[in-house]
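Following: one structure in structure tokens, then a few remarks.
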Amino acid sequence: MSLRIGVIGTGMIGQDHIRRITHVLPNCEVTAVTDVDRARAESAAAMTPNAAVYDAAAPLIAADNVDAVLIASWGPAHEEAILPALDAGKPIFCEKPLATTQDACLRIIDAEVATGRRLIQVGFMRRYDAAYKALKATVDSGEIGAPLLFHSVHRNASVPKGLYTSDMAVSDTMVHDIDVSRWLLDDEVARVRVTAAKPNSLGEDLRDPIFAVMEMRGGALATVEVSVNIGYGYDIRGEISAEKGAASLGESNPILVKTSEKFSGRVPADWRERFIAAYDAEIAEWVIAASKGGATGPSAWDGYAITAVSDAALKAANTGEAADVTLVDRPALYGN
Amino acid sequence: MSLRIGVIGTGMIGQDHIRRITHVLPNCEVTAVTDVDRARAESAAAMTPNAAVYDAAAPLIAADNVDAVLIASWGPAHEEAILPALDAGKPIFCEKPLATTQDACLRIIDAEVATGRRLIQVGFMRRYDAAYKALKATVDSGEIGAPLLFHSVHRNASVPKGLYTSDMAVSDTMVHDIDVSRWLLDDEVARVRVTAAKPNSLGEDLRDPIFAVMEMRGGALATVEVSVNIGYGYDIRGEISAEKGAASLGESNPILVKTSEKFSGRVPADWRERFIAAYDAEIAEWVIAASKGGATGPSAWDGYAITAVSDAALKAANTGEAADVTLVDRPALYGN
Amino acid sequence: MSLRIGVIGTGMIGQDHIRRITHVLPNCEVTAVTDVDRARAESAAAMTPNAAVYDAAAPLIAADNVDAVLIASWGPAHEEAILPALDAGKPIFCEKPLATTQDACLRIIDAEVATGRRLIQVGFMRRYDAAYKALKATVDSGEIGAPLLFHSVHRNASVPKGLYTSDMAVSDTMVHDIDVSRWLLDDEVARVRVTAAKPNSLGEDLRDPIFAVMEMRGGALATVEVSVNIGYGYDIRGEISAEKGAASLGESNPILVKTSEKFSGRVPADWRERFIAAYDAEIAEWVIAASKGGATGPSAWDGYAITAVSDAALKAANTGEAADVTLVDRPALYGN
Amino acid sequence: MSLRIGVIGTGMIGQDHIRRITHVLPNCEVTAVTDVDRARAESAAAMTPNAAVYDAAAPLIAADNVDAVLIASWGPAHEEAILPALDAGKPIFCEKPLATTQDACLRIIDAEVATGRRLIQVGFMRRYDAAYKALKATVDSGEIGAPLLFHSVHRNASVPKGLYTSDMAVSDTMVHDIDVSRWLLDDEVARVRVTAAKPNSLGEDLRDPIFAVMEMRGGALATVEVSVNIGYGYDIRGEISAEKGAASLGESNPILVKTSEKFSGRVPADWRERFIAAYDAEIAEWVIAASKGGATGPSAWDGYAITAVSDAALKAANTGEAADVTLVDRPALYGN
């Protein structure tokens, strides 16, 4: 049986998921789409054989031939799509952020807890990348001892001029590093400090690069370089420094070319090239869980905690002071 | 519309394809299976929702709900499955070898040419591996100039004791290196010589390792090390040496671990681990082409030429002399 | 003509320099040695053909057959050896630290400035390492644009139990990272903050690892991980993140070994193994400059500035607050 | 006491050794030089403080202030310099080849054996390279089991037009690969076959690249790619394939630079850059042994055996047939 998916939000990322569901993954299909831009929804519907176009999220969620909901609208619209989907008991994949405020995240958590089971997977796709998975497995194996420090490097070739703001370096970009820091170190962030470097004069007038130091509750540190106009490519690095060893993401180098007194290999141009397999794996796992009526992977709790750390990091970046991260108690639904 | 596939041969590799068609790839399903071992066919059918079990290849091929045929039986049975499938005009995926004799390959070619279009894809999956594809693209781009020499290394941790023979190091193992040599250098092999090294005393009593030097028609060389009991893992290496540069397959290293005075990375344990994504891509491409009624990828001509080189290499290995490779003229169906 | 060198301090590092001068480098010899431990000085003298043993630094410095002075005594004794050597106009190589207080460093600077020429080289040997030199050359070439962030990693397998203190992680270990940060970024440190991670339970009861964020006067950042009980080896990493590129120290891997499902390479066991060639090059350069009556390489100013940053970093580590670094104006002798 | 060296032949390589002896290595000096070109000898003498110029090899060898002889003249002149130096009992460093004919090599061996001790070191410097030494140590440690196959790659950016002949690809270039093959596999070559690839059209009209397969007496294979006009740099690769593992020379990458969608590292431009430290170590070892009146390192026997293999390889290259290598019995002086 094919999982029948309704897609809310058919911008670039929504269309990419429609392509994935239609052409890459088995046992799933898009049966309904909606977007604030009706024409865009119709274009998206034309990408897949059997999708009806809806005027709003509510009737799409309610539709009989929608088994599960994929939310790729903009952040402020997530809550209003998630809550009725939870009410309807339909599995949800929600692109990051879960919601744009901690309060909204908490309302979502309350609603999910009220259903008694996990229904939401949030779109933090790095956990599905083969290299990150191997890093996590190495930490969890104990081979290198207890992790003490994780250093993450997040570099973009460039960001959209006039659209990307300094705060987005935290709320849109660094959130992925916050996610993997929490996941790899298996702990919550207690405090964060952000220092801006001399701005990159080749980018726009942004606070870029920035460097964050996060103190985890258990005492380990997570440090993050975010450089969003580095020009040469999309480069994601990470290394765990532990009690008796270290482990790092390898350089991605399918081939090595030697010409002109150099050996060289390609750096990915953007996140699509670097993480395309992770996106595929992320949705594949969601389809499997949703077909069974539930959800695995990054949870609403992760979405909430990451938003809380992001809020604190923004405050830290804007004040120059350390900012504490305070979280509500974690509901049992999300484990200990 | 889903491509309805009949699977002939449900041993290990056939079952793996059934799993892939059922759980990994979209827009395809297994509707029929057959095997010389009826019980094994029934087990295989149970892996997928809608597959009927047939007693023989002929009725499976003829079945109305079989759009395309995947052949994973043993080599000697390939011809008798391919010819009726060609008669029926059904697209065919055939695991290597295309057939076990050059004569059989030529009968298949004649039959396919008679249909007027390509219907057969042969299972040389390395061409679908991201690293080999990048290597091919680099050669074809002209960046490193005309290729002069390709060095291929094919190492297996071990081979099944008592089952794997010295000749299989050529006919089962080196055939993949023959395939990529022809493909990367875009040329046919003219002559081959095989030298056996001192045998690996930790393996069985085999001619292992062996080293082959192939002279291509255009003068480039392809050299191959085959070591099938090297113990440490499955290691596939390749480097093109060209007029103004070189290009090689990179080391596969998702993560680097540092412990005990060493940095280290994992070597794949076997071909499944190394090439799983290539197998997925190979069948995905076949499903797309077969859904349109044709075939792309490695052709019956490739299957024939590789068998001819393999035969010559076996003769060379057994006599210690160079052996010439003689091919019939290539039919226009297979390009120039 | 051979440079005749008097060695003050014949502990482990002094003996290593005597070996180097005697057996590795041309055009230099040890003609005099002294140590607080007379017996140790005599043993050291026996390592080289023509060395007289002196009871104190003063007569050694004054000796006619001593052209230049190499100081490898402990830090608190450096000033009392340097000042008379400057008075005598003899070139000086002084192991780090230049002196243990900023005041002492400034007295040395005043005395050197009074001589009107550079006579002192301080033992920060990383600048002579081939990889660091290549990194510096790449930054200076402009190939990657203006440097914005330097990340340094300094890991020791272990430190001497009962002897190494938490403060030494800054004053003995991180000083090398302070040196290369200043050198690579061509700037002075303005402010430093140090955060301690959860302590490594496999080491001694130390503040280890620590993470420092240094803000340079021009706005670039330098960040440092210091882990002194990481077990697996001596591992020095560094990466410059710049306006249009990045450059990092490569992994040192003379050979790659594949066994047991892994590829692996050696990590140096300690600083001797990693930097032996840099030590040789450092002293070789000093011998050449000293033979001409002067000094090049890391200067007394560098020694002073590094001590000032180290003092601030210690304060930062002990208070948890950021600490400012204030320097006197740089005398013209040390360039702009 | 400084070893007083007489240098015979003051061309490029002779001058490089004079520089090395004068400025890089301790405990040695050049006291005499000679060259067929008197003016060139005088220029060379001016590079070092105390060298007398001689009109011929004989008086230089006989000079009282010459303790040891370094021969860097052209190959045909080696024998006439070595024999009188052996008569005089003076240690000899002889650049490769030991001599240009096997007969001449045998006369030298006879003369050295007659002295009762080793006096000759031949200039095969790869054995002093840190990476080759690590490779040899790994093989000898047994970690990867018995070596079965060694693959060597020898690439030059270019060779001097009009001066370099096809035969020199064997006699001048591949001799280094012959040397390390014998050394790493600890065995003599029994048979060799050489296959020419399509010639590199960007080089001169040479048989280039070539590929050699050498069968060792014990059955292991050594294979060699020689490409002398590959353009991109000087690239020396080597890998041992053994019974339970493999070991290869690492890529030399002091730093990794990321710009323009690539990560890249430098390939050495020529043999000087790649092997400068090996040349230093080679002569340093010779100076130590010669100061004690003897020789270590590659022996006259090695020089003879390599010449014999080179002769066979030339014959093989010119005939297209395999050529056997026949050696006289090895004198006990050269071990078993």
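Residue numbering begins at 1 within each chain, and the chains themselves are lettered A, B, C and D in the order written.
One rule holds in what follows: contacts are C-beta pairs under 8 Å (C-beta built on N, C-alpha and C of every residue); 3 or more make two chains touch, one makes a residue touch a chain.
Small disclaimer: the values here were computed from a predicted structure and weren't measured.
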Contacts common to chain C and chain D (chain labels): A, B
Reference chain A; chain at largest CA-centroid distance: D
Centroid distance [mean C-alpha coordinates] between chain C and chain B, Å: 57
Centroid spacing, where centroids are CA-atom means, of chain A and chain B in whole angstrom: 38
Whole-Å gap between the CA centroids of chain B and chain D: 43
Junction residues of chain C - those touching two or more other chains: 231-232, 235, 244-246, 251, 253, 256, 258-260, 265-266
Residues of chain B touching chain A in the complex: 22-28, 130-131, 134-135, 138, 143-144, 244-251, 253-260, 265-266, 277
Contact footprint of chain D on chain B as seen in their complex: 145-146, 148-149, 151, 153, 155, 193, 195, 197-202, 209, 211, 213, 215, 218-221, 223, 225, 227, 229-232, 235, 241-246
Contact footprint of chain D on chain A as seen in their complex: 157, 231-233, 235, 251, 253, 256, 258-267, 269
